[in-house]
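Letters A, B, C and D mark the chains in the order given here, with residues in each chain numbered from 1 onward.
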Amino acid sequence: MAAEKKLVGYLCTGCGISERLNVNQLQTIAVREGKIPEVKQHARLCAPDGVQMIADDIAAGATHLMLAGCSRRSKVEAFSFPNVAISRANLREGVIWARPNTPDNQETTQEMANDYVRMACAELRYLNIPSPSGEQKLNKNILVVGGGVTGMTAALETAAAGYPVHLVCDEAELGGVWKNLYKRVPFRAAASAVPNGYDVDLPQPEEPGITEMSAQVLANPLITVHFNAQLSKTSGAPGRFAADITNTAGATVTENFGAIIQASDFKEYDANQLPEFAYGKTPDVMTNFELERLAKAANGAPLKRPSDGKIVESVAFIQCAGQRSEQNGHLPYCSGFCCTESIKQALYFKAQNPDCDTTILFDDLRTPGAAGEDFYRCGQQEMVTFSKGKASAVVKNSAGLTVKFQDLILNEATELNCDLVVLATGQIPNNGPDPYAQLAVDEAETEEEKEAARIKLEVAPPSILNLDYRQGTDLPQLKHGFLDSHFICFPYETRRTGIYAAGPVRRPMDMKQAMDDAVGAAMKAIQAAESAANSAAVHPRVGDLSYPVFRKEGCTQCKRCTVECPFGAINEDENRYPVFNESRCRRCGTCMGACPVRVISFENYSIDSVNQQIKAVDIPDEFSEKPRILVLACENDAYPALDMAAQAGIETTPFARVVPVRCLGSVSLSWITDSLSSGYDGIVLMGCRRDEDYQCHFVRGSAIAAERLSKVGDTLTQLNLEPERIVVHEVAITDLERAPRLLNEMAQNIEKIGMSPFKF
Amino acid sequence: MMAVAATVETILVVGGGISGMTAALEAAETGKQVVLVEQRPYLGGRVTQLYKYFPKLCFPTCGLEINQRRTKQNPHLTVLTLAQVTGLTGAVGDYTATIKLAPRYVNERCTACGDCATAVETEFDDEYNYGLSKRKGAYLPYRMAHPARYVLDPAIIGTADAEKAKAACKYDAIDLEMREETLELRCGAVIWATGWQPYDAAKIQPYGYDRFANVITSVEFERLADVNGPTGGKIVRPSDGKEAKKIAFIQCAGSRDRNHLLHCSRICCMASMKQATYVIDAFAEQAEINIYYIDLRSIDRFEDFYTKVRANKNIKFIKSKPSSIVADKDGNPVVHGVDTEGYNRYAEPHDLVVLAVGMEPAVNQNDFPLALKINREGFIEAAPENGGVFAAGCAADALDVNRSAQHATGAALRAIQVINRVARAEV
Amino acid sequence: MAKRQYSFYPGCSSQKGASSSNYLISAQTMCEELEIQLNEIPDWNCCGASIGYAGGGELPRLTLSARNIALSEKHHPGQDIVATCAACWLSTREAAERLQHDQARCAEANIALAEAGLTLKNQTPIKHMVEVLIQDIGYDTIKTKVKRPLSGLKIAGYVGCQTNRPFGIAGESFENPKYLDQLVETLGADSIPQFEKKVQCCGGALAFSEPEKSQEMIKGILESAYDNGANLIVTPCPVCQMNVEVYQAQINATYGTNFKMPVVYYSTLMAVAFGRSAKDAALTGQVIPAIQLEAIAEKA
Amino acid sequence: MGDMSKNYRLNFLKEVEANVEEGEWVKMCMQCGVCSGSCPLGKFWNHPPQEIFMMIRAGKREEVLTSNAMWMCTSCYNCIVRCPRELPITHIMHGLAHYAKRLGLIPQQQPTAKFAQLFWNNLSNKGRVNELKLGVKLYFMNGIGEGFKTSLKMKDIGMGMMKTKRMNPLEIVGGHGLEDIKGFQAMLKKAQELEDQRIATPRP
């Protein structure tokens, strides 16, 4: 980092700024109040000559730049200079575009601009240039947990990119849940054209290729396989994970990794929960998984029914068995793979005996995409009977089985006789316990709550990763026990940095999807390892080199930071001081917001860098009728919304002063109390949606902030201020009309309740 | 002639939609040199034209903001807009791509102040809104467009309007002398992410998209519902601006149909259920929605959304492929068909009919610059024959946004595998 | 210039004294004007239409058409077969295509044909007269032949089923074919593009066996024509023409309507527009006289 | 419920594939119902096409073959052009009708069945249709009494047709016919034989 700071200010007069504002006044403010010795004006700072001017200053030693002009979201490429600190005063979107160009508004508009320049100068002085901590080096080793098709694919793809892999397989051989596949659902769609309207070259069941895949894994020099092994302990962080790999014999080896992929696949649904279908009452009723094993054993020979060895001449498949149902013991979701799986299995029977009656009772036949629909037609062409029917019961009869069902097309209660019934049952993710179930135990306030949490934890499955993390041993779960990313745009978003889930642990899926998924997870693992080596943050603040640092002497070991970190990044040392694990950190600042004693900060984002902006704002006296509203806005959604509102010509009150924050979770209550005591009349916090469908890109930041703010009421009453002076809003990036309206409403409220008495 | 530094260790990404952006960013954020080529004047592709995503009902622009920030900040990523790959030769590890750059007539000095748009008069159908509104001959494709630079419509070049635009610009950002350029660049691997296009609804004759104003497509409906769209989010019907409270959503409009698209487009069922929630949000109890389907495909976790939507008594699901649509005297589209669950005939008038149009590959079977393994539906199959060219997203199959991004992330690794092999070979 | 030669398949209903003999007359007049020479297939037989299926199985019915094609190939080699009747065209073309795609069936058909001393090469294109007009002659040429524009007439183009589905006229859609409208415009009359019953079924052969059901549909067609202000209906199909024209009295009796809508063939319109007499245009064959056309025909 | 042993067995579907024109397409139906909605006489069908196809797959042999559904087909081809699986539905309906007739399972008083048979007899007699005879036979197909009623009802139409020379009373005697009627009939006879052989023995 530069030994001493050299501050330079730049005032862009383009985009109508000079027409709307007294730029000389701004310059004077920057120099006199902002204490920036040198402030330059430029007619279009983003143009090549403007950018060159800045570059020259940097070459001449400038380390800290104040850019007053357009929003920090604009002209990012033009103003990206390495190894300097930059603060930006948003005069264009934030001021002149947000205010009407009329003489009577001129004064307040100028005041806005003045304040934003003051704020940018103040912030700048408290910004440091982050530099890598070097906490971890490049470790190219990737740990893959799970020896199934997903894990093997992840291992092979990672190795193919030149990264060594350790594959931990909890069985004596590779293959996992798909090991017993006789054939697989085709991966491809029909290739050729359609002569005379007849389908040709429809995809048929394919060789599963699992043996070949296992062979490739074992032969790959970059892949080390640990058989009969599990993770007994995983500690560290991206770039320096340490995993204890323990086998059934009890022997443990410790290996170090850059990143981890969890590919523990799924568990078969327990069909004993389906007595209505006579499962368990007769061996002739079996699950799709069991039939697969039967078919593999038969290996092309006629399939016989278990009860008496009779060659199966008629078989019925019951789709959605114990699935897509709210009934107790059933799976509420659709397992996605079962429709094509049943078509494939029906074709097993057809391959042996084209006259075999194969009926598939389905509700909705789900064969998406190109390959899926082709495979459906393939089944029909081979004379598999598809009937939209709801099965109610399976009973034994003299000759075999009777399936009772409602034929929804013929609209009648009917039945069919068959030798064998196959229940298309679903997948259950093979995951460890939800970490928050564990956290609930320590966090419980009363003994009863603690006990309840404990009981919940007891029924939880055993851990897969055994993470040595403050917030629990495994990856947080989303819904129905799956580890899927919550974000549609970011399927590999993870809440444990450097650990990526792949395959059916994320969401139910067939083998092809699991393999595709493994490739993506491998990509992210490699990326995480590389980023850690550069001490750079991963998604969403990609490349951010700053990380939390804290004043140990000030820390009260209250654990708020270790408990509230949405990414479980922070551990506690033996003296219960926080251990931040830089490369696990996503730089949201939730820990900073959590800290009651304000000892946590980032080099480029700190209690001070924001507090000083708040203080820098000029607060007119009580009788000026010019209230000041502090707006703390999420930089990803609320702040862009305000920018775009201005772009769309929507007015915002001239009394608002907007400070972008990384996440509402980073908001320190001290900012609130300080601004109240320094005379702000209202405070508006704008964060992201925080319910089940939360939009907060730091997962819980927005929710945590709301929770903290709920307690701020007391502070207000102490200062005997009206509660409506502080509001928290959920704002989406699309709220172009709403976001400014919320600020204008605050201004109106202040008109009603009056100015703050705390003006000095 | 612009120059783009590229070597056999460069990854070329064709298509700047969600898949292309994802693939490009994942590779660049792993330290690889990436060139991203997009045909439109801005990045983001079709997701920029969506109002919400299923099943979360969140806003595409939210993730787009992050992806744009990632793009702006990444030193390894070069973005070419208004660019098209016209040729691709070579083999895995060493390709040469020919790229045609259409003139934007606006250079990087543009501050997006909008003075040019105010100055010009000629208006055109706004392709961003599928022609549901007009835009000027000088325009910002949409409010959040990246790059945030205006574009001049080629049609106004050589007219007085072009001169007006130039005169209006204070930053001499308008360059009427710009001409089409062709550049060649080397790369070791190619990610093909050209995405999809809505199937031409006019070809589905029984539904009369070309005859009835109040029969529209699902992509058009997204624009209609968007609070920042042409109607400010008011769900009104084209013929007379009347509020559309009773709406039919027809599934498999072009999909699963040998007369049109053979494949199932996967997203349409979910998209229609999502759009049904728009109508419920707008009209609450007054909303009346009929969803006509063959098989309801809310696969895996999406089932939760189906369960939620189905619980609303104003949304009905009818297992039927409607046979035809006719307009009654008041211009209400009347949907005719048979509910196959027990053979019930219906002739149901609606305010508006929304055709859940299928996804077809944006690039025609025969228009690929080099031979790739393409299936009957026109999607690129994952096959060794394709060498160092890897499909990402909807170029490979009909996928939803989440699966596209997932698939694109994988494609990035495949490309990196090639690049790393090349790099190892070089040392 | 040399006349265009076609191997002509008139079909049973076009014969002298049969239900669409007027179609044949007007078509022949039209062809004279357009320099089209129709060479009737010697000793042609019935196509089986679409109603022959109860008595005739698949092969016998295919063989009927096979015989006609074989005769045409024998006597008029190299000439396209053209039919004026929708059912004749459809059955023949369908048979030709199915025998092309189904080798087994084709072999059987030839065995049967051998009994009549014929063999099927099955290489002859089979066209509807409308295809000849649109594809071989063209609207422009037709326009040049118009001597008496049918100005002032509002004509509903009723395409019906079998000239439209499953083959239809190249480039036209099944739900909204536009060629009759275009033809009407070419002849100087006003078309009714929004005529929504233009492809509605008239009941076809079931007009005989299920009169009530068919007449209900015919009523709909007539209503729509009236609602759209048509003076008359034009159609390319003998069954359509007959069904929609001759049952109007019965429909009026049943439903208390008073329909009196002339239904003519495109060839009738063209014969008149080309300046030929009412007799040549077979207007005398109208059960419901087309007075407006007669008026135009009488102007000389 | 009656005998269920044949429920959802392939027996009938296979019988249809072997013996019914274009029957091999039945299994490809995906129950979308577009055909049922497209049929102009749909509302008169006791079982619309898509339901018939499901019934065939469910093994409802008698119900299907004795149904009057397929006799309602006007051959308008709407179903064919709209079917997303391109099933030749019209032909399948004709095929089923013919097969039902072949098995003598036509419902009583099925007018179209009778007319269709008359039509065939009429055309095979002289090689060309004699409309007058066909008409008269049609009117009298339900007996003399019925016949006179119908012909009375049809009198005006007949007169109109005769006035316009679109009906020729002389047709009742003689009328149009083929020169090579012998060859024609031999040909039909042979075709019939071949088909009978095939339908007796299922297709390869």
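Rule of thumb we're sticking to: contacts are C-beta pairs under 8 Å (C-beta built on N, C-alpha and C of every residue); 3 or more make two chains touch, one makes a residue touch a chain.
Here the structure is a predicted model, which means the values were calculated and not measured.
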Touch-network distance, chain B to chain C, counted in steps: 1
Required steps from chain B to chain D (each step between touching chains, minimum): 1
Centre-most chain [mean C-alpha coordinates]: B
Remotest chain, chain C as reference, centres from CA atoms: A
Chain A and chain B, separation of their C-alpha mean positions in angstrom: 24
Rounded Å distance between chain A and chain D, as computed from the means of their C-alpha atoms: 63
Whole-Å gap separating chain A and chain C, where each centre is the average of the chain's CA atoms: 66
For chain B, residues that touch 2 or more chains besides their own: 206, 256, 258, 319, 324, 340, 343
Residues within chain A bordering two or more other chains: 197, 365, 388, 409
Two or more partner chains touched - positions in chain C: 174
Overall pattern in which the protein chains touch one another (line/ring/star/complete/other): other
Interchain contacts, given as pairs of chains that touch: A-B, A-D, B-C, B-D, C-D
Parts of chain A lying in touch with chain D, wherever the complex brings them together: 197, 314, 316, 355, 357, 359, 365, 376-377, 380-381, 383, 385-388, 402, 407, 409-410, 414-417
Chain B residues touching chain D - in the complex, by the definition given at the top: 206, 252, 256-260, 294, 319-324, 336-340, 343, 345
Residue ranges of chain B in contact with chain A within the complex: 18, 22, 26, 29-31, 53, 56-67, 69-70, 72-74, 108-109, 111-113, 143-144, 148, 170-171, 226-228, 256, 258, 262-264, 266, 295-304, 307, 319, 340-343, 373, 375-377, 379, 381-382, 397-399, 401-403, 405-407, 409-410, 412-414, 416-417, 420-421, 424
Sites on chain A touched by chain B in the complex: 14-16, 44, 46-48, 70, 73-78, 80, 157, 160-162, 187-194, 197, 324, 326, 332-336, 364-374, 388, 408-409, 411, 479-480, 482, 484-492, 507-509, 516-517, 519-520, 522-524, 526-527, 530-531, 538-540, 542-543, 636-637, 640, 644, 647-648, 689, 693, 695, 697, 732-734, 736-737
Complex interface listing, chain D residues touching chain A: 1, 4-5, 7-10, 13, 27-28, 30-31, 50-51, 54-55, 57-58, 85-86
